[in-house]
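Across the two complexes that follow, subunit A remains constant while its partner is subunit B and subsequently subunit C.
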Partner chain A sequence: MASFELICPAGTPAALRAAVDAGADSVYCGFRDETNARNFPGLNFSPTEMAEGVAYAHRRGRSLFVAINTYPAASNPAPWHRAVDQAAEFGADAVILADLGLLDYAARRHPRLRLHLSVQASAANADAVALYRDVFGVRRVVLPRVLTVQDIARLTAETGVETEVFVFGGLCPMAEGRCSLSSYATGQSPNRQGVCSPASHVRYEQRGDVMASRLGDFTINLFEEGEPAGYPTLCKGRFVTNDRSSYLFEEPTSLNAVALLPELKAAGVRALKIEGRQRGKAYIAATVAAYRQALDGFDRTGRAEVPMLAGMTEGQRGTTGAYTRTWR
Partner chain B sequence: MDTQLTLGPVLFNWTADAWRDFYWRVADEAPVDVVHVGEIVCSKRLPFIAEHLPEALERLTAAGKRVVVSSPILVTTERERQAVRDLLTIGDVTIEANDTGALALLAGRPHAVGPFVNVYNEGTLAWLAGRGAGSVTLPGELPADAIRPLAAAARTLGVAVEVQVFGRLPLAISARCYHARAQGLHKDGCRFVCGEDPDGLSVDTLDGEPFLTVNGTQTLSRRYLSLAGRLDELRTMGVTRFRLSPHSLDMVEVARLFRAVLDGTLAAAEADARLADRIGPAGIADGFFLGKPGAAWVGAAA
Partner chain C sequence: MPTPRSDDTMANAPDGRTLETAVTALALRVADAVGPRLRDPVLDRLAGVFVRRHPRAAEAVSSLPQATVLIDAVDLPWGLLLRVGPEGLRLRLCEVATTTADATVRGRFAALLDLAEGRIDGDALFFRRDLTIAGDTALVVALRNALDGEEIDVLAEMDAVAGPLGRLGPMARRHAARVAEALGGLQGALLAPVVGRVGALEKRLARMETRMKAGER
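Entry: the complex of A and B
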C-alpha cells in the first residue's frame, strides 16, 4: 500500500480532470455557493457538474470529497442541508464538514455517508477529535495548521482517527475557522461567506513610485517600483509594531512540507492535502504531478526528493510552517 | 429572564498583583452579576495567576458574584490538555468551554459555551443544549440578523444567550506568538514580552493607521467594541447576558455605565460618548452588529 493518499483541490471540472489525470488519489470540490470555504466568483461546481465529477473520478478508481465547510447561516440551513443531501445522492466518497449542527444533520440523515472533519473546525487535540469520532462517527480529520509533527503523531495514535494534513499551497498562520480578521476589515468572513480577504474589497493605489495594496479601508502593504505587488491577504501583509515594519503574522510564503514525508509517515498520517481550489488547471496539473512523483519516489526509496515546483509557490518561497516548532 | 452583566476573563498578561487587585476591586465595587476567570490565551502565563486563583474564586463568590472558569481557546499539547482537566476538578463553579476538546470533557454536566466555540446556527445551538450547555456566548462577528433568530431559538431550548458588548474583539488565535515575533523572538524563548502591554501591542498599517492589537498568540481589534447603544435592541431579541471584556481602563466605571444604560438611568449615546472619551485614539466600533466591517462605527442613532 502507498504511504499516503494524495488529496488534491479542484475549483472547476477542468481542474478536477487535470488532478485525476495527474495522479490524485482523491479530489475535493465544493458547490457553487456559500456552503464552501472557497466561494469565489467563477469557481466551483453546479449539481450536474458535481455528479459528473464523481463519475469521472470513479471511472478511474479515484475518490471525490465534497467540502461543505462554512458555518450554516442562522435561519437559513437549507443550502447546507441540500449540499449534504446532494453529495450523498451523487455518491461522493465523503463530505468535509466543520459545523457541529451540520455534522449532526449528516450523521442522522445519511448514516452511511463518510464524514471528514474540515480544517475549518480546528480540532487541535485528541479530546476534540474523539468527540467528533464518538458522536458523529467522523472517520478522518483534516488537522489545523497549528500542530507540530510530534503533536500530530500523538493525536493520531491516541484517537485512531485517520489524519490528513496540508503539505502544499497557501498557509493560514491562524487557527482555521476561528479567524475574523477578514470580516473585521471587509465584513466578509471565511466562516460565514466562505471568503477571506475577498477581491471585491481589494484596491491597488498608485502613489507616485509606490503601489499600495488595500483591503477595505486598510493598507495591507506598500511596494516600491519594480517590487511585485502581491495580493493583499490580510495576514500576509506588512504592518508596524514598535515603530518597525515587518510581515508580523506571516511572510508572503507558501507551505511546502515535502521534506517532512518521513516524519509525517512515522507520525501515522494517512493523507496529504494540497491547498488551492482557486488555482487554474495548469497549476493543478503541474503541482499534482510533482507531488505524485515525489510520493512514488518516497515509496520506492524512503527518501523525500523535493519536486521541482519553482514559480508555483507564492513569493517563490516555501516554509514547513507549524510542523516545525521554531515557526512558533 | 433577568438581564445580567458579565465580565469576561482577563485576556492580557497582567502581573499577578495587577490581576489580583483587579478581581478584588471587581468583587467589592463592580455592578456585574457573573465574573469569568482563567488564562485562556497562553498556557505559559498560567503559573502567574495560579497562586491567586483559589482566593479570587472565594472572594468573588463571597461578594455575591457567580464565578465561571473559562477554558483556553487553543489546546494542543499534553500539558495544556491536562490543564483543562484540572479546571474540571474545581468545585462549585461553572466551566466555560472555549474549544471542542473542553466540550467533550464537559458532556452531560452543566456548563457554559464560550465565544470561541463556533455557534452560527440553530442546529448547533440545539446540539449544544442537548449536551448540557446552560448558556452560549455568540461569536463576535455575528450580526443582529443572526443574533435575533439564535436568541429566539435559545429561549425555546432554555439556553441563555450572551453577547460581548464592550472591549477589544478577539479576532484570531495562532500557535505562533506575534508578540515574541515582533521582538525577533520565538514562542519558546518569549521572555514574556506580552507583559509589557496591558491592553495588547498596537499594530498599525504602513500608512500609520491604527488597525489591530496583538496579545501573544491572539490578535484582537484595535478599536473597542461598544454596543451600549444596542442594549435595548439586544434585550428585545432575547439576549439576556452582556459581556464586558476587561482592559486597563477603569472597568468598574465601565460596568457602572452599562448598568446605568440597562437600568434606563443613562442615555446610550451619553454612555458611548463617555466610553469614547476614556478609550481615546483607539476609538470604538460596532460594525459587526450591523453586518458591516467589524472596524466600522455607526452608532445607535443610525
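Entry: the complex of A and C
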C-alpha cells in the first residue's frame, strides 16, 4: 500500500483530466457558485461537468471529492443543500464540508456519503475533531496549516480520524474559515461567498518602474521591477509600521513540504493535498507529476527527493510553513 | 497601420515551440500587411472556428459583460483586441499606443501563445513578472479560466480557417525545426510582394465599390 494518497485540485474539467492523467489518486472540485471557497470568475464545474468528472475519475480508478466548504447563508441555504444532494447523486467519493448544519444535513440525508471536514472548519485540536467524528461520522479531517508535525501526530493518534495535510501551494497563514481580512477591504467574505481577494476588487497599476497591487481602496504591495510578485491578499501585503515597510503577516511564498514526507508518514498522515483550484492546468499537470514521482520514489527508497517547482511558487520561494515552526 | 515596435518573436520563442511561434507571428504579419478589408473577415472566421470548436469557452465568453481586452505582445509591433460579451467573440489587430480597452494582458508573444494553449500557468508567469495585467482584473481572470478549460491548439485553429491548406499543418509539425527556419527566412522575402499585391487589390476593390455606389444612385 502506498504511504500517502495524493489529493489534487481542479478548477475546470480540463484541469481535472490533467490531474488524473498526471497521477492524482483523488481530485477535489467545486460547483460554479458560492458553495465553495474558490468561487472565482469562470472557474469550477456545472452539474453536468461534475457528473462527467466523477465518471472520468472512476473510469481510471481514481476518486473525486466535492468541496462544499463555505458557510450557508441563513436566508438561502438551498444552494448548499442542492450541492450536497448533487454530489451524492453523481457518485462523488466524498464531500468536503465545514458548516455544522451542512454536515448534519449530509449525514441525515445521505448516510452512505463519506464526509471529510474541510480546512475551512479550522478544527485544530483532538477534541474538536473527535466531536465531528462522533456526531456526524466524519471520516477524514483536512488540517489547518497552523499545526506542527508533532501536533499532527498527537491529533491523529488521539482521534483515529484520517488526517489530510497540505503539502504544496498557496499558504494561508490565518485561521482558515475565520479570517475576515479580505472582507474588511472588499465587503465580500472568503467564508460566505468563497472569495478571498475577489478579482473584481483587485487592480494592478504601473507607477513608473514599480507595480502596485490594490485591493479595494487599499494599496497592499509595491513590487520593484523584476521583483517576484505574490497574490494580492492582505496577509501577504507589505505595510508601513513605525516608518518601516515590511511584511507584517507573511511574505509572498508557497508551501512545499515534500522534504517532510518521512515525518508526515511517521505522524500517521493518510493524505497529502496540493492547493490551487484557481491555477491553470499547466500548474496542475506539473505539480501533480512532480509529487507523484516524489511519492513513488519515497515508497521505493524511503527518501524524499525535492521536486523542482520553484517556478510555480508565489514570490518564487518555498517554505515548510508551521510544520517545522521555523516559519514566523 | 503604423508599426511602432519591432518584431522580435523568434528570438523569444522557447525550445520546441519555434514552429508555433513562427507560424502565428507570420500570420499576424501577413494580417497586418493585407489591411482590414481582407484581414477582418479572416479574423471573424477564426473567431467562428473557435466558437464552434470550444462551445464551453464560447458560452463563458458570451456570458461576460460587453468589454474589450487588449492582448499586448511586447515583441510584436501590434496588439490583438478581443471583444467579449453577449455579442460574441471578435478579434481585431490594433495599434497598442492608440487603443483603449477595459483590460490589458501584456507579455512576450511566445508566453502569451503558451498561455492561450494552457501550456503555462498564468499565475506562475505573473509571480515571475513575465505577465502584466492592467484594468479589469475580474475580466482577465474570467477569460483566462474560460481558455484554460479548453484544449486549445492555435495551429489547429488556424488549420481549420485555412480549409484544404490546413492539411499542411500536421506535415509541417513533423518537420517543425526546418519549417520554422524556412519561415523565418521567407518572412521578409514573401511579405514585400504580398503587401504590394494586396495593396493593389485593395485599391481595385475600392474603385469598384465607388463605381457600384455611383451606379446605385
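Here, the second predicted complex is superposed on the first by the 317 of 328 C-alpha atoms of A that agree within 3 Å, B and C clash if a C-alpha of one lies under 4 Å from a C-alpha of the other, contacts with A are read in each partner's own complex, and residues count from 1 in each chain.
One rule holds for everything that comes next: contacts are C-beta pairs under 8 Å (C-beta built on N, C-alpha and C of every residue); 3 or more make two chains touch, one makes a residue touch a chain.
Note that the structure is predicted; figures quoted are calculated from it, not measured.
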| item | value |
| --- | --- |
| Which of subunit B and subunit C A:E89 touches, first, second, both or neither | neither |
| Winner by number of subunit A residues touched, once subunit B and subunit C are compared | B |
| Subunit B versus subunit C as contact partner of A:E305, first or second or both or neither | neither |
| First, second, both or neither for A:A14, with subunit B first and subunit C second | second |
| Touching partner for A:L102 - first (subunit B), second (subunit C), both, neither | first |
| In the complex, subunit A residues that touch subunit B | 71-75, 77, 98-102, 104-105, 121-128, 130-132, 146-147, 151, 154, 173-175, 177-181, 183-187, 189, 191-192, 212, 216-222, 235, 238-242, 244-246, 248-249, 322, 325-328 |
| Touch list for subunit B against partner subunit A, complex | 73-78, 80-81, 84, 99-105, 107, 116, 118, 120-128, 139-142, 145-150, 169, 171-178, 181-183, 186-188, 201-209, 211-212, 214, 219, 221, 287-288, 291-296 |
| Residue numbers on subunit A that touch subunit C, as the complex places them | 11-15, 40-43, 198-200, 202-206, 211, 223, 225-231, 252, 278-283, 286, 311-316 |
| Complex contact set, residues of subunit C against subunit A | 56, 60, 114-115, 118-124, 126-129, 132-135, 137-146, 148-151 |
